Every structure is written in structure tokens, then in C-alpha cells.
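Have a look at these structures, which come just after this line.
One chain, chain A, links the two complexes that follow: it is found with chain B in the first and with chain C in the second.
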Partner chain A sequence: MIQDILVSGLISSSVYALLAIGFSLIFGVARIVNIAHTAFYMLGAYLFYSLLVQLGINFAIAGLLAVAGVTALSLACYKLIIEPLREHESAVLISTIALAILFQELMLLFYGGHYLGIPSTMDGAVSIAGVSIAYQRFVILVVAFVMLAATWYLLNHTRLGLAIRATANDLEVANLMGMNVHHVALATVAFSAALAAIAGVVVAPVFVVDPYMWLGPLVTMLAIVVLGGLGSVKGSVIGAFIIGFVEAITVFAVPSGAFLKGAVALSIMVAVLLLRPQGLYGVVFEEER
Partner chain B sequence: MYRLRRLWVQLRTEVLVLPSRALVLAWALVLLALPLAYTDAYVLRILTLMCLFAIFAASWDLLAGYSGQVNFGHALFFGAGAYASALLTLKLGMPPWLTVFAGTAVAALLGVAVGALCLRLRGSYLSLATLAFPLIAIGLLFAFPDFSGGELGFSGLPRLINGVVPNYYLAVVTMLVLVFSLWLLADSKFGLVLHAIRDDEVAARASGINTPRYKVMVFAIAAACAGLAGGLLAHYMRVTGPFTLETALSFQVVIWGIFGGVATIYGPVVAVFILYPVTEWFGGFQAFGERRLLLFGVIVLLVLLYMPRGLAPWVRDRIETLCPRCKQRSAAWKSHCRHCSAALAPTDRPRASGPGQA
Partner chain C sequence: MLRALLLIAALAAAPVVHAQGTIKIAVLGPMAFVQGQHHWMGAEMARDEINKAGGIAVGGRKMMLELVRADTNEILSVPDASSAVERVITRDKVDYIVGGFRTEAVLAMQEVAMDHKKLFLGVGAAHDELGMRVERDHNRYKYWFRVSPTKATDLGRTIFGVLGAVAGSIRTELKAETPKVAIVAEKAVWTEGLVKAAQANLPKMKMEVVGLWQPSAVATDVTAELSAIERAGADIVFTFVSGPVGIALGRQMGERNMKAVAFGINVEAQKDEFWGAAAGKANFVSTLDTYSEIEITPKTIAWVRAFRDRFKVSPAYTAATYDAIMLIRTAIEQAKSTKSDDLVPVLEKISYVGNGAVIEFDKRHDPIWGPGKAMGIGVQWQDGKKVAFWPPQVKGVQPFRLPSR
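Up next, the complex of A and B:
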């Protein structure tokens, strides 16, 4: 049982971490509560399914194409819908909800409401310290950790990362220092949508693909982001591992835990918020008054 | 006779003089008179549901629009009202007239609890934390199916009254009374305090306002209204289930609120009365049956691109002008303010800053 908890906890945590980092970055840089974030995760999975199963493309190329397609789509959504509304925070909020519903319904229209299974792209299992993990699940871990490392490198060791951190810290001052905050926002949106799409692509062969697959991760991701502190990348990663392992422990160790996993994870979030309203690593934003 | 004449004068000077108020009056009269002329059971059923959802949406607006506590889990109160009422009716055999109010009380208590828990949270943190509460409730319902009915919930609840038209009048009258009282409340000193809390909580506290008490109170009031709507809906549809707590319902009420225009009370009601029949009507077509949510999303996006502050404020700005001197509204075609007779410039339409920034 401990093996199960470790493996499934690690896998779900790393997927959640990919999603939560993207959400956190968009919130930090553009102050958008992007409800449609996990919709991009769903779109990534569907696009991957289309390319892999319906068109029969090699899985690595299909994955890359799916991520690229979703990234392009996210940029189009941002340019066409979010940017004209930027002044009106509440309008931005419901336009992201509307976008998510729109994507859900479009997928329902094109693919139907039933579960789609993606055939395993690789067989066999790897054995680490006596615990065997199917290759397909191992790929999730590897891709997630590579992407986490890449995000860390991007944020801390490149000029774009510096600009993203500066903009998240103080938009106006970053603008005055000569950074083009619109381009920074665009780059952030593209990067986080790509992270969500990558998460969708890697989990698609393991989980099932259906038009409502964005709702469950959405809530967990929001809990993680609030737990870790809105806008904090470090907090998102740590929050993802806390929530991921709590869910795994609840599922495997508590009777009827599969129903309760969400409730337990969310209760932890509420409890942390009561003690620390800004989350674990909350960035204290200047008072927006 | 004197009272009648006084009433007529008041009606003429306070209601008919403003096109928006005249529209609201006409809408209420049409709603009340409709069954006299038209008794199609399907249409009345849709209207009944719309009235119940209008109460729900208006209660969200009091909380989110006025006090700025943008609640993403408003379905919790709706579901609490529905479940509490259903449980008391089915397990204890109490009459539904009583249990609906018991459900309202349970929802109000939950409102106090959630409000107290969220006192230290603000802005996006509050929105995202409140999203969690109905989901925790759903998890508990699924974990104890013997008590809660599990995934199916309860069916076969007794109706409050029988017949299509009496049920319709019950919903319409409840809706009109509740929405009008919410509007009065929002226009009173209480509403003013809520505006102050939303715009600047620190300044409100510095002015001697006990902001935690007001925040918990507004949570309780909004929760009670939502719970009443939930209880009435459960007894009208004769079923209750996890659908009353779903995230989709919480998002739906956010969409109604922002689409109609926040911090207006009537805005969300307008949104329900437009969006609900539109989606229902599209659902009637065979070709659209499966796609009504799709169209719903497209409509919301298009309207927002052109009226980002919501539908009701947009319409009101077109048919009424704000007096630059006394800040009272007059009909757009008047050349002078109806209160202080200051000249109104029709082209120079002042744009009040949109309230309700999350």
C-alpha cells in the first residue's frame, strides 16, 4: 500500500504541479484568474488523441504538435477575448469561465460525451528499488520533472524569466523600467498554456479523456494554488505535492476514500487559509485600493 | 380616495418618471397577469424555475456585488436549503411549508459559518476558497449515501401547493417580494456600508464600521435567500440531489450576476430572465439540443465584449442620464434634471466607475 501511495502520489502531484505553476504564473503576471486553464489541459489531451489515433502520427510528434496547437489557441483566445476586457476584472473572470464551457461543449460536439481511451504508447515497466512503475506512468514523472526544471531555469536564469518575475512583482515599475509588459503577458500565457497542454498529453494514455475532465483538476489546482499562495511558483509546487500525497493517502488508506479525496484536500486548503490567509508562500501584493 | 390619489402621485413622480423603473413595473405586472391570458404548462414551468433562480442570482449579487465578497461557492447555500428541506420532510415527515423555512435557517447558519471562516480572506483568495465548500459537501454526501441519498439524492418530495398556476404564483410573488426587499436593503444604509466595505475595507473600519459583523451578516442574508430558493426548487421539482451543489451551478450564478451587471440586484434577475429562456429555447430545437451550452458560452462572450459592465447598466446608461450636479437619474430625453433642473448634456454621458472589481 505504501508503494501505491508513493507512486500514485508522485504522479498526481507532478501533474498538479505542472497545472498549478501555469495558473500561478498567469495570475502573477496578468492578474487573471484563469478558469479556462485546465480546459487547455483537456484540449491538449483531445488534440493528442486526434493526432495519434485518428491520424496515426508517431506519438512524440503528435505530442509536440498537440502542445503547439493548444499554445497557439491560447494566444488567440488571449488576444481576441481577454485583452479587450482587461480593464474589467469581473468580465475577464466570466469570459474565462465561458471559454472553458465553450471548449467543453465543442469537444462534446466533435467527439461525443463518452470516454475515449488512448492506447498505451509504450509497454513494459521500469523497476526502481523493488517498485515497478509502468513506462507510461514513468514518462509522466520524467516529463513533469523535466518541465519543472525547465520552468525553474526559465524563471531564474533567462532575461524573459527576469521580466516575468519583475512584472509579477510590480507591473507599473516593470513597465517604467522598459519592459514591454504586454509581450511579457503574452509569453506567460503561451508558456502556461503549453505547460497545461503538456500535462494533458502525458496523462491522456493513463487517464480517460472526456469533455468534463477539466473540472476535477481545476478544483484541485485552485486548492493547490491558494494553499501555496497565489502567484508563488515555489508555493504551487509544494502545494501540489502536499495535495497530491494527501489525495493518494485518502484514496488508499480511508474507506470510501475515493469520494472523500477532494473533500479532504479542500479541507486542508481551508485550514491552512484560516491560519495563513495569504497561503504558504503568498506574495504580498501591494494593496490594490 | 385620498390615499389612492397619493399612491398615483407617488407612482407618477417616483416610478413612471424613470424609464428603467417603468420597465420594471411593466415586467412585474406582466408576470402577475400572464396566467390570466396564457396557461401553457410548459411556459409557466419555465417561468417558475426562472423566478426561483432569479432569487438565487439576486442573493449572490448582494454578497458579491455590494460587499465585494465574490463567492464562487454560492451553490452551497442553495443545496443546503434543498437538502435540509428534503431531509426534514422525508425523514421526519414535517409539512413542506415548515421545512422550507427550516432549510432557509440551515442555509443562513451555513452562511454565518462560511462568512466567519472567510473573514480574513479577501479578493481572489476568498473566491477560490469559497469554491471549496460545496465540493466538500458533495464529498460528504457521496461518502454517506445512506443518510444523503448518494448520487441520486431524493425524489418524491411533496409539493407546497398543487397545480401549475398556484405554483407559478407562489414563485412569482416570492421572487418579487424578495428581490424588491433585497433592492431596498441594498439601497439602505446597510447597502451603503457594504459599498464602503467593498471599495476600501480599511477606511470603512477607520470610520467606525464593524466590518466583520457586516460581512458575516451579508453572508447570512444572501445564504438565507439562496437557501429559500433551493428549498422551493426542491419541492417544486420534487427532487433534490448533488446537482444543487455542483460547481456548474456556482459558476452559473457568477455568469448571471456579471452578465446582468453586478451591484444592481436587478441585473442578475434580468440576466436570468434572458439567458435561461434562451438556453431553454435553443434546447427545444433538435439541431441545438446538445449545443445549448455552447451557444450560452458564445452569447456571454459576445455580450461581454460589447458591454463589459453587464447588460442592465449598459441599457440604463442608454435610457437615463446622470445629473452632473445632484447625481440623480433622469430620462435620457429630458434636457433638464428632474430634481435640480440643471442642464443635462446628452452627449457627455458620465461613466460611473464600474463597481464590483474582484
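Up next, the complex of A and C:
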């Protein structure tokens, strides 16, 4: 059973981490609570479906085009809707909720309420320590870890990463030091949306694509970023692995309560916040204000 | 100028004059979803057939049938569903209502229809409570009749009958005297009674329950559950699922090459789109269903073919709006009246040969269950095709197949 928990936990955690990092980056750099973040994940899956299944484009090219398309869309949304409202945090929050629902309704309009499936790139499964794992799930794991490593490299070994970290640390000081914080925010939005779209593309051949697929991960992702500490990338990764493994343990330990896995994860988040209100690696709320 | 205005007014009034000769039926369903789309398709077929034949005979005159399409959005919002019923009754002035899908929504919609004393023929929701209300308070709820599916208790009777046949295949082919069964039920109102019945009945049917797994109805990943089910050594995955979790289950069982076979209620597996949604991995997934090209009644095969020719898909069970409307027509013609109060006693005594069942109503206004009446069928996905395998005595059924071991 332990090996089952390890494998299941590792796969779901890595997808959660991809989503949570992007959300944290946007919050850290631009102070935007982007509820539409998982809607970009959903759009990535839909675009991938259209390119691959409906247009018959090659798997890799379809994936790249889907990520590029969603990234471009996120930039357009940022420039047209978010940036003009940035000074008003509540308005930004509500706008992102509206955007997410708009995307959902558009998908419902264009694709209907049907559940769509995308063929696997790799058929078959392998048995490791008695656990059967489909090859497609390895793809998720590999892509997720490559992207996590790329994010770490970008943040720690590039000028853009330095600018992102500086802006996240103190937006006003970064601005006073001559940094173009608007460009940094734009780059962060693009990178975050790309991460969400990549998550959508890699899970699409394993999960089911539908207009509401953004809602479940949204709640989990919010739990993760609050648990890890708002704006903290390290916290998001660790939070993702905690929540992912807690969910896996819940399913295996309480099979008839598998539907409670989300509630258990949220309870852990609340428990951590009671002991440490700023989350595992976040700044204290009072300092934030 | 005045003449022109009068002419326009006269033209505008013209449809009202024609409308006096029509019977209006509201078709209620979640129209953005397959269930609602099939509600509408079934109703369209009935309308076209009736109108082509000159309409419905009411006493000495013929009345044309007009449908009002109402999106209840009930999968997402129960209040939306109640509003939709209110709207079709008060604004569109419909004479009767057919459709409904989600139990929670239909319970609410039923109340609104009964408030207005409108005949409401349910096509979609299975919960017993809908019929129990008729039994408890006939005067108020007598306008409700359930056309399809059979009530949840009867679905249970069918499902255990089919499960017995599936277990028989396993006993014969795998020499497993006591097949191991994993119950997978989404957490929802409609599954509660079925899960309890399964836990109580399976040991009596010489089957061992190895566990109960209850994922969310909207779960898109059940690998953790399937890992545990494999470890428990299950031969049968007994499903009660209506949401996308049914697709994830079928697909991921196929991807893992699981030796267990899935049977139960899997609403997604009833749809033609299931095979594609599961990326062609859901071989051997089986479920209860309503229609197939087998001779359930003398009408079934021809109607299923006509439906497929027209809409390019097989009918889902909510397409029984066709039978609901035909029942209304028959009742009107027998009663020689369009009043709901006059139609109720006729429907209570009717025996109607439908496309998926012979419909006669019991005192709860539920279809009477049993061979030759309303029972449902068992279907299995075999190499991309959905084939019927139960009831065995019906002409056209194919053998049930197990995954290779």
C-alpha cells in the first residue's frame, strides 16, 4: 500500500505544484489573486484537444501551440482587463473570477457539456513494486519535474528571475531601483499561464476534459498556496506535495471516504494556519498590510 | 399608414389565432448536456410524427403539437430548474411538461408543476421519493407520472439480476465460486440506497464485497482507488456513477490492464461518446441502459434506427420523452379532453407499448417493473461498440465478455 500511496501522491503532487507555482508567482510579483489561473489550465487542455483530435496536428506541436496560445491569451487578458484595474485589488479578484466563468461558459458553448477524451501518447503500463503505472503518467511526472527544475533555474540563475524575485520581495523598492515592474509582471503572467497550460496539456490525455475541470484544482491550489505561504514558490512546492500525499493517503486509508480527500486536505491547511498564520514559508499577514 | 399598422397588427395576432389549435408541451432538461439534448431529440421525433399524421385528435378536431424547449440547467443549479418550470407554465402557458433529469432538481420541479396542477411526465430521475409523494398525497401529486427510468428500487432489482449473470460468467470462465466485488459509488443521494442494498445482497448472492470506494462524482482521476481495488483482488467493479468519474474509471481500468470487469450503472458509458471520451480504453465496461438494437418491444429496433438515422447518435434513456409525448397523445385521444385532470385517470389505467418498455403505472405512478414490462437492459462496450448482453431471452443480445487474464 505504501508504494501505491507514493506513486499516486507523487503524480498528483507534481501537477498541483505546476499550478501552485504559477499562482504564487503572480501573487508574489503582481499581488494578483488570479482565480482564472486554473481556467488557463482548462483552456490548455481544450486547445490541445482541438489541435490534436479535431485538426490532427502532431502531438508535440499541438502541445506547444496550445501552451503558446494560452500564454498569448493570458497576456491579452492581463493588458486589457487586469492591468487597468491593478490598483484595486478587489476589482482584480472579481475580474479574474468573471474571466474564469467566461472561459467556462465559452467552452460550454463551443464544445457543449460533453466530456472529452484525448488519446494517450504512450500506450501500456509498467508494474513497479506491484504498482501498475500507465506510461502516460510517467510523462506527467517527467514534464512536471522538468518544469519545476526550469522554474528553479529561471528564478535563481537568470536576470529575469532576479527581477521577479526582487519584485516579489518588495515591489516599491524594485520600482525605485529602476526596474520596469510592469514588464516583470507581464513576463510573470506569461510564465505562470504557460505553467498552467502545460499542466492542462499533460493531464488531458489522462483525465477527462470538460468545462468544469478548473474548479476542483482551483480549491486544491488555493489550499496549497495558503498552506505554503502566499507568494512563496518554495512553500507552494512543499504545500503541493503535502496536499497531494494527504489526498492519496485518504483514498487508501478510508476508501469509502475517498470523496473527502479534498476536505481532509483543506482541514490540514486550516490546522497549519492556526499554528502558523503566514503559512509554511509566507510572510506574516500583518507585515503584508 | 393606419392601414399598414392594422395589417401589421393583424399579422402579429395571426399566430395567436393558430395557437388556439395547438397543444403545447414543455420539454425540460439540461440542454447544454447530453441528457437534455436527448430529451429534446426524443420530443422532436414525437412531435414530427404526430404533426405529420395531422395532429392529436381531441373529440372531433385535430390539434397540432408545439414544443417549448426549456433549459433547466439542473446539473449546475436546482433553483434554475424550478424557475424554468415556473416560466414555461406562467409565461409560455404550456399544457403539459415532460423531462427532468437530476433527482434533486426534479423533486423541486415536481412541486412547482403540482402547484399549477400541470401533468408532468418525468423522464430521467429515478429516486423513489418522486413516486412515494403520489402515494402519500394522491390529490396533490396525481399529475406526476414517471416514464423512464424505473424507480431506484426497481433499478436495483434489475442491476442485481444482471450482476448475477455477470457473476455467473466469472464462476464459469474463471472457476471462482465466490467472485470478489469492489463497490465504486459516487457520493450522491441516488447511490445511497443502492450501496446499502449491494452490501446486504451480495453475500447472499455468494459474492464477497472487498470494499466500498466513494470518489467524487466529478473526479477525473481514480488511479488511487483502482490501485487499492487491484490489491483487493476484485473480479467485478460494481459501479454506481453518473458523472465524469465513470469515464475516468473505464479509461484508467483499461490503461492498467485490469483483470476485473466493470458493471453497474455508469451513465457516461450509456452514451455513444463514451468510447471516444475514454480514448478507446474502456473495453468491457458495462452498464444498465434503456435502448439498443434488440427486440425489447416490437417498436424498439425500428425506432432506435430511425433515431440514429436522424441524429447520428444512439438514443440515451432521456430520449424517452418520445414515449412520454406519445402517452400524452394516447391519453388525450382516449379522454377526448386536454385537461390534465381528465388525463390522469386514463394514464393510471393505460397499457402502452413504448420503445424501451411496455408502460403501465402502479399506484405511485411509477412504471411497473418486470419481464415484459419495464426492466432495462445490460450493455457492454466491446471493441468500440456498445452491445446488449441482457436480458438473455431477448432477440439480438450478444454474449458478455471478460478481460483476458
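By our rule, the second predicted complex is superposed on the first by the 274 of 289 C-alpha atoms of A that agree within 3 Å, B and C clash if a C-alpha of one lies under 4 Å from a C-alpha of the other, contacts with A are read in each partner's own complex, and residues count from 1 in each chain.
Just so we're on the same page, a contact is a pair of C-beta atoms (placed from the backbone, for glycine too) under 8 Å apart; a residue touches a chain by one contact, two chains touch by 3 or more.
Bear in mind that the values here come from a model prediction, so they are computed numbers and not experimental data.
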Chain B versus chain C as contact partner of A:Ser256, first or second or both or neither: both
Partner chain in contact with A:Ala248 - chain B first, chain C second, else both or neither: second
Which superposed partner A:Gln136 touches (first chain B, second chain C, both, neither): second
Touching partner for A:Leu230 - first (chain B), second (chain C), both, neither: first
Touched partner set for A:Glu89, first chain B, second chain C, both or neither: first
Which of chain B and chain C A:Leu154 touches, first, second, both or neither: neither
Partner chain in contact with A:Ile101 - chain B first, chain C second, else both or neither: first
Chain B versus chain C as contact partner of A:Phe207, first or second or both or neither: second
Shared chain A surface residues [contacts with chain B and with chain C]: 108, 215, 256, 259, 262
Chain B - residues contacting chain A, complex: 70, 117, 120-125, 127-129, 131-133, 135-136, 138-140, 142-143, 200, 202, 247-248, 251, 254-255, 258-259, 262, 290-291, 293-294, 296-298, 300-301, 304-305, 308-309, 354, 356-358
In the complex, chain A residues that touch chain C: 1, 4-5, 7-8, 11-12, 108, 112-120, 125, 130-132, 134, 136-137, 205-208, 210, 212-213, 215-216, 247-248, 251-252, 255-259, 262
In the complex, chain C residues that touch chain A: 30, 32-34, 37, 75, 186-187, 211-216, 218-221, 223-225, 227-228, 230-231, 244, 247-248, 251-252, 255-258, 268, 273, 276-281
Chain B contact footprint on chain A (complex, rising order): 27, 33, 35, 81, 84-85, 87-91, 93-95, 97-99, 101-102, 104-106, 108-109, 215, 219, 222-223, 225-226, 230, 256, 259-264, 266-267, 269-270, 273-274, 277-279, 288-289
